[in-house]
Amino acid sequence: MDLAGKRIGVLTSGGDCAGLNAVVRAVVHRAVQGYGMKVVGIEQGTAGLLARPVMVRELEPSLFTGDILRRGGTILGTTNKGNPFSYEMPDGQVLDRSEEIIEAYRELGLHALIGIGGDGSMAILRQLAEQGGLNFIGVPKTIDNDLGHTEVSVGYATAVDIATQALDQLQPTAASHSRVMVLEVMGRDAGHIALNAGVAGGADIILIPEVKYSLASIKRKIERIYAEGRNFSLVIVAEAVRDEEGRKVTETQASGAVTYGGIGEYISHRIAEETGAETRVTVLGHLQRGGVPSARDRIMGSTFGVHAVDLVAAGKFDRLVAWSGRHCFDVPLQEAIAGYRAVQPDSSVMLTARGLGICFGDD
Amino acid sequence: MDLAGKRIGVLTSGGDCAGLNAVVRAVVHRAVQGYGMKVVGIEQGTAGLLARPVMVRELEPSLFTGDILRRGGTILGTTNKGNPFSYEMPDGQVLDRSEEIIEAYRELGLHALIGIGGDGSMAILRQLAEQGGLNFIGVPKTIDNDLGHTEVSVGYATAVDIATQALDQLQPTAASHSRVMVLEVMGRDAGHIALNAGVAGGADIILIPEVKYSLASIKRKIERIYAEGRNFSLVIVAEAVRDEEGRKVTETQASGAVTYGGIGEYISHRIAEETGAETRVTVLGHLQRGGVPSARDRIMGSTFGVHAVDLVAAGKFDRLVAWSGRHCFDVPLQEAIAGYRAVQPDSSVMLTARGLGICFGDD
Amino acid sequence: MDLAGKRIGVLTSGGDCAGLNAVVRAVVHRAVQGYGMKVVGIEQGTAGLLARPVMVRELEPSLFTGDILRRGGTILGTTNKGNPFSYEMPDGQVLDRSEEIIEAYRELGLHALIGIGGDGSMAILRQLAEQGGLNFIGVPKTIDNDLGHTEVSVGYATAVDIATQALDQLQPTAASHSRVMVLEVMGRDAGHIALNAGVAGGADIILIPEVKYSLASIKRKIERIYAEGRNFSLVIVAEAVRDEEGRKVTETQASGAVTYGGIGEYISHRIAEETGAETRVTVLGHLQRGGVPSARDRIMGSTFGVHAVDLVAAGKFDRLVAWSGRHCFDVPLQEAIAGYRAVQPDSSVMLTARGLGICFGDD
Amino acid sequence: MDLAGKRIGVLTSGGDCAGLNAVVRAVVHRAVQGYGMKVVGIEQGTAGLLARPVMVRELEPSLFTGDILRRGGTILGTTNKGNPFSYEMPDGQVLDRSEEIIEAYRELGLHALIGIGGDGSMAILRQLAEQGGLNFIGVPKTIDNDLGHTEVSVGYATAVDIATQALDQLQPTAASHSRVMVLEVMGRDAGHIALNAGVAGGADIILIPEVKYSLASIKRKIERIYAEGRNFSLVIVAEAVRDEEGRKVTETQASGAVTYGGIGEYISHRIAEETGAETRVTVLGHLQRGGVPSARDRIMGSTFGVHAVDLVAAGKFDRLVAWSGRHCFDVPLQEAIAGYRAVQPDSSVMLTARGLGICFGDD
C-alpha cells in the first residue's frame, strides 16, 4: 500500500510525564522520513479534536532537531479531564460528544491516529476507534507502570529516578537530625514507584497499597533499627495507601480530632505518636512528572514511536505497543486495557526488598 | 604560641544543610596538618556537651579522604532543640544547664571551640563563651542566608540550586497541563531562596515576606500572561509569607471554612478561586537541606573551616568568619548576630526580578 | 541444611562500575539477616586471596546503613590485572598461582564464594571453582553489557545515563558554534553504550564495531543535515571502532603523516577533512564508570545480591544470576560465559535508531 | 529621553558557555517591557553583521517563555573566529572589514549594541564602537573567569560545577582501582576552574599556570598519601600548564621519544614513571561549556542583561557590567579590558587550598 502523502494524527492524553516528546519526535521522523507520510499534532489530547476549529498543527522533523528529547512534558499539551462520552459542559450538562471527535478525524483526512496515554485514555480512544471505524494505535505512558502487558510504560523510569533522588536528599538530613523521614510518592493504585525507589534509595520501610500494614509492625522495625545503633530511618509511602483502618486519607478526612493532608502526613504523625521519634514528611508531588527524561524513557519512547508508525504502515490497528526484556512488540489493545498490573508479592523486586529486610508493615 | 598538641572542638548546631562536612573536614585538615593540633568532634551540637559521658570523638584527617565533601548533612549530627540556658527537661521543668557545657569544655581540655550554626546558635554559643571564658569562633551556616555580615552562609547555595531545579521540573508539567504551579520553599523570615530560585527558575510570580502582596495584583499578572498567549505560570512562595490579611497560614489556621496546610496551599487555592486556573502546589520541604553539596558550598565551607582554625592559631576569638566578593574575612561575633539581613528592595537581584517583569504582588 | 554461622566470601573483579556496592550490601544483608551466615569481604578481587595474609574483612549489615547505595565504585577494591593462572611476577616470570587462591578459600573456611565480574573474571573464577571444588556463584557486572544470558549487567545503565548526559551537554555548544561534535565512549568490543546513548541523546551518527562504516556515508549524512537547515550534528563512536581500513586506532598508529590519540580523534579529523565542518572531539573515559549509581543499577545490583545468596542457601552453585524483563533468574555459568552478546542488527533499539534516520555509516 | 520604539542589538561572541541565553532573555524583557524598545538579535557574533543580508531577527519576549533559561549555549549562535579588523578571506587575503559592521549597525537603525563576550571580543567591539561612534555596552562571559573587574563572568560557575562533578565521578573509580586520576580542565591562561573545582572536588594536587611545579614535589605528595594509608589520589590540571621544562604540551610536541596529546596526558605519564602508580587521564573538554546553566549563572546572566539595558536607557555607554559581592555595577570598558586577572597566590581560595594541604607542586 502506498502511504506517501497520507496523514496520521498523534496526541498525548492524561497526566503528563517524561518521555512523551521522545515518542512524538519518533513518530514524526519515522512517518515523514520513512514513509513520506504527514503528521498532524493534535493539541490538548481529545480536547483538540472537540474544539472548532480543531487545535492541530503540522509536525515536521525540523521541529525536533534541538533539545526536544531532553524536555519533560509534552509539546502537544494534554489534559486528564473531559471524557468525550460523558463530557461535562460549562452549564453542568453531561453530553456524549464522541461523534464530534470522529467527525474531526474525518475532516482532518486522517489515515490513522496514534494516541499516547494510560489505561483510562486507551479505553476511551479504543471506544472512539470502534465507534467511528478509526485506525488507532496506542502507546503506553504512565508513571504508575500499572499497564499489564508491557514491562514498562513511558514516564515510569524517570519517576523512579526522581523519587530515588529524593530519598538520596532526605537520607543525610535524616541522619544529621536523628529523624524518621517519610516520603510520599505517586503511583495511583499501584506501589511500583514506592517499591522501586524504596529499594534504590535505601528505604527501611515501604508502604504500598498491595500490602496491608500495621503500625505495630512499623514500630517494631524502627525500634529494631535503633537497637542496631542507627539513629534514623527512611519511609516511603505510595499515595493510595490507606490509614490503618483502611480509610482513604485526604484533606477532608478526620481521624478523631486530627485532620491529615494525605497519607504521608498521617503516617508521619502516627509514627511519631507510636515511637516518640522526630518525624518529617515530604510530599514529592508533581516533581515526579517533570524534569529531564531519563535515558531509558527516551529510548523506550523513541522505540514506541517508531514501532507505532510501523504498525500503521503494516495496516495493523487496534493494538498497543509494548516492551519486554530487550524487545518491543505489540498486543491487542483490548487485552492491554484489561491487563492491570499491581505489585506482585512474588515479583523479583519484592523478593529483593524482603531479602534486604525492608519492612512492609505486615510482619 | 605553640599550638602543637592543643585540642580544639568543633560542633554543628541548628538545622542541617549541605556543606557542613566541608567545614568540618577543613577544620581537621588545617588544625592537625597545619598546626599539629588535635580536633574533637562534638556530636549533636551542644547536646553532645550536655550528655555524660560527653558525646565526642577524635577526628583524624584520614577520616576525610573519601567522599565526605560530597555528602550532605553533618557527620557530627545536629539538633535545633535544647537551648542550654532554658533547657526543657523530660519532666517539663526548664533549667539553665549552661554550666554543664562549660564544664565539659574544660574537662575535654579544649583550647578553643569552633561552632557552625545560624544566628540562633551563634547567640547561644557566644553567651556560653562569655560566661565561661571559652575561646569561641563561629562559622555561619543557614539555607536562609539571613546573616547580615556575610554575603553567603554555608548551605544557601545548594538550597537555591535545589529550589531552582524544582522549578525546572515543574515548568514542563505546568506547560503540558496549562496549569499554575505553586512551589513553596523555605527561608524562615527571609525571602532569599524564593527570590533567587525564582529568578533562576523563571518564576512569573515571587512572594516573599519582605513584600506585601494582594491577590488582585497576582490575578492581573496571570491574566496578562494568558493575554500574551502563554498557558501556564510558575509561582514561588517563601514559607513565611502570610495570608492576604497578614495572618500566619498553618495547619490549624482556618480562613472561613477552609483549612490550609501552609502558605503554598493557601496561595494555590486562592489563585484558583480568583482566576479559574487549574493550580497545583508542591512543598519542597526537607529536600532543600539534603543532597550533594554544590561546588560553591564546598568551596565556601572549606574556606570557612581553614579560616576559623587560622583565627584560633592567631588567638583571635569571639569572631564570625564571613565572605564577601572573593574574600574570606572575619567580624566580631556580636556584630554578626545583630546584623539580620532580609531581602532589600533595592538589591541587585530584586532589581533584576523587577526588570524581568516578575510580579511580587504589589502593583 | 543449617547455614547459620557459615561463612561466604564476596569479591569484585575487573573494571569497576556503578552499582557494585549495591550488590555487596545486598549480599551482606541477605546472608547475615536472612540466614545467619557471616560474610567475608575479599579486597582487590582475587589479589586479596593471593596476598599473605589474605586481604579480607568481616562485613556487617551495620556498615551499610549510610549512603553506600549512592556511592560509585566498590568498597572492596578491584583490579583488572593478575590472572592467577598466568600471573606475571615482578621479575617477569609467569606463574600459575591458582592453588594459592584455593588454599586461601579453604583457610578462610568459606562455604561459598560470590564473585561480581565480567566475562573475563567469570571464566577465571569458574576455572578456580572447578579446580578447587569451590562453591561459586557469579554476579554479572560490565558497563559494556556484552554478557549474553542477562538482559542487563550491573553498571551498564549508569554508563548509558552518563554518556547520554554528555551528549546533552555537547548539543548546545555544537549548535552555538555550528560544529560537528564527536563523543567517544567505552564498550570494549560491543556498541551497546554508543547505540543506546546515541538514541537517547539525539545523535545523528552512531558508529559501533558491529557495523562497518564509510566516511562517504557519514559525509552524505552531514550534508543532508545542512541541506535541511540545521547547522550542527552529534556523532557518538564506540572505542573499538576501527579506522576506515579496519585498523585499530591507537596512540601509536599513524595513518600517513598524522597520529591519532584514538578513534574519536580520528573520526573528528576525518570528518573535518571530508566535509570542511568544524569538529571537536570529547573522550568520555573514566567518567562513565564512576558517579552516583542510577536507580536501575541499584535495583538490579540489590536483586542480584539477594538472589546470589539465595542460590548459596539452596545449594545451587556454578551459576550466574541474570535478569530478563521483570525477573531475576540464574543460568549455568558455563553457558553464560560462552554467550557473548554484540549489538544485533535487528534488535529493537537498532530498528529504532534506523527508524529515526540515524546514520551508521553503512548506507 | 524617549526610548520607545528605539532598536537595540544584542550579540554573543567568542566561545559559548552556560548562561548566555539568560542574558539575552533579560535584555529582551527589560528593553521591550520596561522601555518599549525593540531588540534585534544578531546571529553568529560580528559575523552576522558582516553577512549581506545581515543575519538578524527580531526578539520578542514571547520567545522566552519556555525553558530558555535552562538551555546551555546561545540561541543567537556565536563564533570565535573572524576578527573584523584583520579578517581572513577564503582566498587567504587579510582585510579590515570593520566599516562593514559599522555600516550594518547604521542600516539596522540601532540605537545601541549590547555585546556578550570575553576580553578578546570586548577589545574588538570597543574598537568598532570607537571607530564608528556606536553606543556599546559589554556583558562579561568566560568560563575562564579571567576578567579583572568583575568577581564572576557568565559561564564560569557552571564550568566549575561540571569540573567538580567530574572529580566526583572519578573519585570512586580511583579508589576502587588504587589509581592516580588526572583531570585536565579548561581555563585558558588562568587556573580558576582547576583551583576551584579542585578544592570543591577534593583534589590532592592542583596544577595551574600561575604556580611553577616540579614532578619531584608531586611525587613526594603522592608518596605521602600512600604513607597515610590511602590508595588513590586525584590530580586536576589546567590546560595551559606547561611541561616541566616550561614548554607547551600539544599534539605535535615531542618530549624525547614520546608524544603527548596534551598536558593531562603528559602529567599522567610522568606521574606513572616517577611513582610507579597506575594512572589514568580524562580531558573534560567541551563538556565544561554545555549543559544546564547553574542557578548562579542564570541569576548573574539575568542581572547583567537587565543592567545593560538600564545603562542604555541612562545613556551611559562604553561600559562593562560587572558583579561584586551582592551587587551589580559597571566599569569603563577600557579599564575592564586591561584588567586581566590570574589566580592570586594570596587569594582566599588559594589559602584554603594550601590550608587543606593540597599540593601545587611547588614545595
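As written, the chains take the letters A, B, C and D, and residue 1 is the first residue of each chain.
One rule holds in what follows: a residue touches a chain if its C-beta (ideal position, glycine included) is under 8 Å from a C-beta of that chain, and two chains touch if they have at least 3 such contacts.
Since the structure is predicted, the reported quantities are computational estimates derived from the model, not experimental observations.
J.: Can you tell me which chain lies farthest from chain A, using the average of the Cα atoms as each chain's centre?
T.: Relative to chain A, the chain with the farthest C-alpha centre is D.
J.: Consider the two chain pairs C-D and A-C; indicate the one with the greater count of contacting C-beta pairs.
T.: It is A-C, judged by the count of C-beta pairs in contact.
J.: Using mean CA coordinates as chain centres, what's the chain A-chain C distance in Å?
T.: Centre separation, chain A to chain C: 30 Å.
J.: Report the inter-centroid distance (CA atoms only) between chain C and chain D in whole Å.
T.: The computed centroid separation for chain C versus chain D comes out at 34 Å.
J.: When you check chain D against every other chain, which residues touch at least two of them?
T.: Counting only residues that touch two or more other chains, chain D contributes 67, 71, 168, 171-172, 175, 292.
J.: Which of the residues in chain A end up touching chain B in this complex?
T.: Residues in contact with chain B: 12, 15-16, 20, 44, 71-74, 77-80, 162, 165-166, 168-173, 175-178, 181, 231, 251, 259, 261, 265, 280-283, 285-287, 289-292.
J.: Could you pull out which chain A residues touch chain C in their complex?
T.: 25-26, 29-30, 33-34, 61-62, 65-67, 69-70, 151, 157, 160-161, 164, 168, 171-172, 175, 196-197, 199-202, 228-230, 292, 294-296, 298-299, 302-303, 306-307, 309-310, 323-328, 347-349, 351-352, 355-357
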